[in-house]
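One chain, chain A, appears in both complexes that follow, with chain B as partner in the first and chain C in the second.
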Partner chain A sequence: MFIFGKYLSILLKAQMQYRVSFLLLSFGQFFVPFSVFAGLYFLFEQFGQIKGWSFYEVGLCFAIIHMAFAISECFGRGFDSFSQLVASGDFDRLLVRPRSTVLQVLGSKFEFTRIGRLLQSLTVLIIVLVHIEIDWTIAKVITMMLMVVSGVFIFVGIFILAATLCFWTIQAIEVANIFTDGGREIAQYPLDIYKKWVTRFFTFVIPFATTNYIPLNYLLGKTDSSDLFYVFIPLAGILFILPCLLIWHYGVKHYRSTGS
Partner chain B sequence: MKPYYSVLRLRLVHGMQYRSAAFAGMATQFFWGFMYIMIFEAFFSHTNSNPPMTLEQVVAYIWLQQAFLALIALWFRDNEIFDLITKGNIAYELCRPCDLYGFWYAKLLAQRISAALLRSIPILLVVFILPEPYRLTIPENIETLLLFVMTMFVGLFILVAISMFIYISVFLTMSPTGSLLMLGVVGEFFAGLIIPIPFMPDWLQAIAYALPFRWTMDFPFRIYSSNISETDAWVGLGIQLVWLFVLVSLGRIALKGALNKVVVQGG
Partner chain C sequence: MVIRVNGLAKSFKVAKRSSGLTEALKALFYRKHTIVQALQDISFSIEPGEIVGYIGPNGAGKSTTIKVMSGILVPDQGTCEIMGFTPWKNRANYVKNIGVVFGQRSQLWWDVPVIDSFELLKDIYKVSYHDYQENLTMLIDLLNLKDIIHTPVRQLSLGQRMRCEIAASLIHNPKILFLDEPTIGLDAVSKIAVRKFIQDYAKEKKVTVVLTTHDMSDIEALATRIILIGKGQLFYDGSVTTLRESYGSQKILTIDYQKSNVELDTSLQSLILSKTEERIILRVDTKTANVSKIIGQLSSQVELIDVSIEAEPIEDIIIKLYKEYQI
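For the complex of A and B:
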């Protein structure tokens, strides 16, 4: 953990050397999801609701998933651009160091410009929370925070899986985007608006439902079973990272350097 | 005309080399297509209001968008040209015995066409035989289809003319990131890539109709699904040609201005 902090501060200092570029990029990152959110708003203006969900309810879902995505892109960038490490052979250097490979790859890159995206989703969250009616309890506040945390873990898990594939393919594969960018787009709506098989896939294979509509139902008071169950549902999403890490270690064992 | 034609052909052959990338891209496009259709299906399933497009028309809009993404996305870029400008190799380009605007234009056009050829045909083949409601319906009659092809073609020329401004702006800013991002976000929104233009509120539609972006995709796609009538389509085709003329002329002037100021440092 201490080393992770060290990595963090060094890379932050490095990126701050190019302050204007940093600000511009962050600014741009603010606007990319903004146009998507505007689109969402106009669709609701047209249709009123989507399968019983109102605009602000979907907005809450949107804000949480985009926050999780922004945070995981900031910290998981190392895995996202892992193909470069493999292709250049630089991964060999990480292997000889007496620290875990996961930590080192995580620490190899941080994308602090994602703060723009994070600010955007925070703005959405605040707007939504002002308008929405929720009977707040401590359990609900904890659940909401855990939803973001669990989202981060799921996205990082997918980044790790995609990176593991690089051990065999050397190149990054575009298909992995389906589960990162695509997962984000899918999970910005409550999952039960989709066809059954899509909902099932994103509940049991990639557990977006645990950050998304199961606890969302609870936050909005649409459920009647016990609180405790829903508080812990997002924790189940966090468990997703475990098989990903296992596969990663399996991949590392089978790693063959490109030698260049 | 001949040098531009050879540039076009050279680029086409070059683009065809990346077949596996095209397959990966296709998988992604199918995923996005299905996802958007499911979202719209959900919106349509419980609505009392009268939406400006039918679900069938929206489905056609979405599949055409996915199939022709290479022809309509503003963020497609040619890093070679950026490098030429920022690294100073632009000097070589200026020595060529043909007009720089036309040369780059042909290059960008060819890139888009080769990328689209690889991706769009397989996607179109599949989406025509999908089960309802995901199937892409065929146009009502042959005239609609012809109008679609013509407007799509002119639309592509307009799009390349717009994207030329990104490259020209690099002469001033030396970094493509900013202009690419801003023009990309604004352009794609007003082209109807985020949501189809008829779903926007009236004031926003007015802005979208006043800008050139919607002529590149929103217009031909809605002709395809008969959301725009044939007479309107013919009028629109005329407006498209005017836009094309305006954009190319402005682009030429801007490039000339930028080149007059260009300083190539030796090295």
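For the complex of A and C:
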């Protein structure tokens, strides 16, 4: 963890060499999802509600997923842009250093401009929280934080899977965007508004439901099960990273035996 | 013995594709592969403190060998033992002991001052503060880095950067140093600085150095031993002196003499490379001809002013080797 901070600090220093570009990009990152949010607003203006979810309830879901996405794009950028690392041969350099490849790839790149997106999601979160009434308990606060954490792990897990593909082919990684950008677009709404198979896919294969739909119901007081179950549900999403890491290590092994 | 390589073999699958759009589309679904044998049955061992020049033409398998020895690649066959480790097993523990410089790629962080990269490497390799300070002072001194260490890497010249690259690979005090084309693209002054450093450092710290290069003057200045490979096979392994003795029997003989119109007797047992009214340059094979006899023969015909005998450049010897082995 200490070394992760060191990577962070050197890359932040590097980023600060280009201050204007940093500010402009962050500014842009603030407004891109803002337009999406505006779209959400107009949608509800027209229809009032979707399958029983009000605008602010969906807004909460939106804010949490976008926060998770912003954080994972900032810290998981190394995996997101991993194809460059392989294509340039710099991955070899990582292999001759005595640290885990996962740590080094994470540390190879950060996208600090995502602070813009994060701020935007925070703004949305605040607006939303002002407008919905939630009976806040400590359990609910923890759940909400875990929802974000769980989302980060799921997105980073997908980045890792996409990066692993680079060991076989560098061109095909656009496919992974279906699951990152696509996953984000889908998971910004409560999952039960979709067809059954979509909901199932995003519950049991890529467990976005654990960061979104299931605990969301709990936050909003739409459930009657025991509290503790819902607090820990997002943790199941965190587990998603484990098979991803396993596949990653398989990919590294393949790379080292083929060198391509 | 610090490095022992035995029967190393490695092949790569390379996708084959013809030109044209239809072929490109076909390749989407079906690809022909050819197997390229990058290394076959490479064996050698290296004693501690040796500086070995690992040479061969492009595509000979030099980089592949370096990659296997530095734990990046796993070979198909063969064993490799370096300081008691098998490089591709237990990677993290092994690589602490080696330093690697890829001449064509940077290991420094591009936008920050060099010293920041050094400090991060110190943490990556878990070097203690005391060892780091001591090492850094020495490296700054030997590589003359004092004035450039606070400059961002992107503003350095290639020569300055290479000196920093080498320093960066030595921060953790490795016992073995792999240098993959460390002088590529450098000007004469930087080349000499880099060579001198490698020589002094290896001597003082008793590090074992394996370097690949296409610049034979690197080999001449640094290496005590040459390993020559081509098409993945090992062709020559021995000292530079032995190489000279067995392949460098030719001498270049330059003779200046008083201007004369006498037609020189050209039945000399040598090859005339050039001839003017006052100078003749000959190539003599010392196996079949006698240099002093040739000089004697000439001095009886014209009045000699100056005679110089040069050994054949190592570059030519290597080219001869490449030709002989058809690699």
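In the analysis below, the second predicted complex is superposed on the first by the 253 of 260 C-alpha atoms of A that agree within 3 Å, B and C clash if a C-alpha of one lies under 4 Å from a C-alpha of the other, contacts with A are read in each partner's own complex, and residues count from 1 in each chain.
The definition used in the following text is that a contact is a pair of C-beta atoms (placed from the backbone, for glycine too) under 8 Å apart; a residue touches a chain by one contact, two chains touch by 3 or more.
In this text the structure is predicted, and so the values were computed from the model without any measurement.
Trainee: Give one word, clash or fit, describing how chain B and chain C relate on chain A after superposing.
Mentor: Result for chain B and chain C: fit.
Trainee: Classify the contacts of A:13 with the two partner chains as first (chain B alone), second (chain C alone), both, or neither.
Mentor: Only chain C is touched by A:13; chain B is not.
Trainee: Report, please, how wide the angle is at the C-alpha centre of chain A between chain B and chain C, in steps of 10 degrees.
Mentor: Nearest-10 rounding gives 90 degrees.
Trainee: Scan A:246 for contacts with chain B and chain C and give back first, second, both or neither.
Mentor: neither
Trainee: Between chain B (first) and chain C (second), which does A:185 come into contact with in this model arrangement: first, second, both, or neither?
Mentor: first
Trainee: Contacts for A:175 in the overlay, against chain B (first) and chain C (second): which applies, first, second, both or neither?
Mentor: A:175: touches chain B, not chain C.
Trainee: Based on the superposed arrangement, let me know which partner A:141 touches: chain B (first), chain C (second), both, or neither?
Mentor: It touches nothing on chain B or chain C.
Trainee: Between chain C and chain B, which one touches more residues of chain A when both complexes sit on the common chain A?
Mentor: Touching more residues of chain A than the other partner does is B.
Trainee: Look at A:194 in the shared chain and tell me whether it touches chain B only, chain C only, both, or neither; answer first, second, both or neither.
Mentor: first
Trainee: Check the residue A:3 against both partner chains and state whether it touches chain B (first), chain C (second), both, or neither.
Mentor: After superposing on A, A:3 lies in contact with chain C but is clear of chain B.
Trainee: Is A:88 touching the first partner chain B, the second partner chain C, both, or neither of them?
Mentor: second
Trainee: Please give the nearest C-alpha separation between chain B and chain C in the three-chain superposition, to the whole Å.
Mentor: 6
Trainee: Following superposition on chain A, which residues of chain A contact chain B and also contact chain C?
Mentor: none
Trainee: Could you list, by residue number, the parts of chain A that touch chain B in their complex?
Mentor: For this pair, the touching residues of chain A are 21, 24-25, 28, 31-32, 34-36, 38-39, 42-43, 45-52, 173-175, 177-178, 182, 185-186, 189, 193-195, 198.
Trainee: Could you pull out which chain A residues touch chain C in their complex?
Mentor: The touching residues are 2-3, 6-7, 10-11, 13-15, 17-18, 88-90, 92-93, 95-100, 256-260.
Trainee: Using the touch rule from the top, collect the residues of chain C that touch chain A in their complex.
Mentor: Interface residues on chain C, with respect to chain A: 12-13, 64, 67, 70-74, 88, 91-93, 95-96, 98, 100, 102, 105, 107, 109-112, 116-117, 120, 123-126, 152.
Trainee: Using the touch definition from the top, list the residues of chain B that touch chain A in their complex.
Mentor: Its residues touching chain A are 21, 24-25, 27-28, 31-32, 35, 38-39, 42-49, 51-52, 175, 177-178, 181-182, 185, 188-189, 194-195, 199-201, 204.
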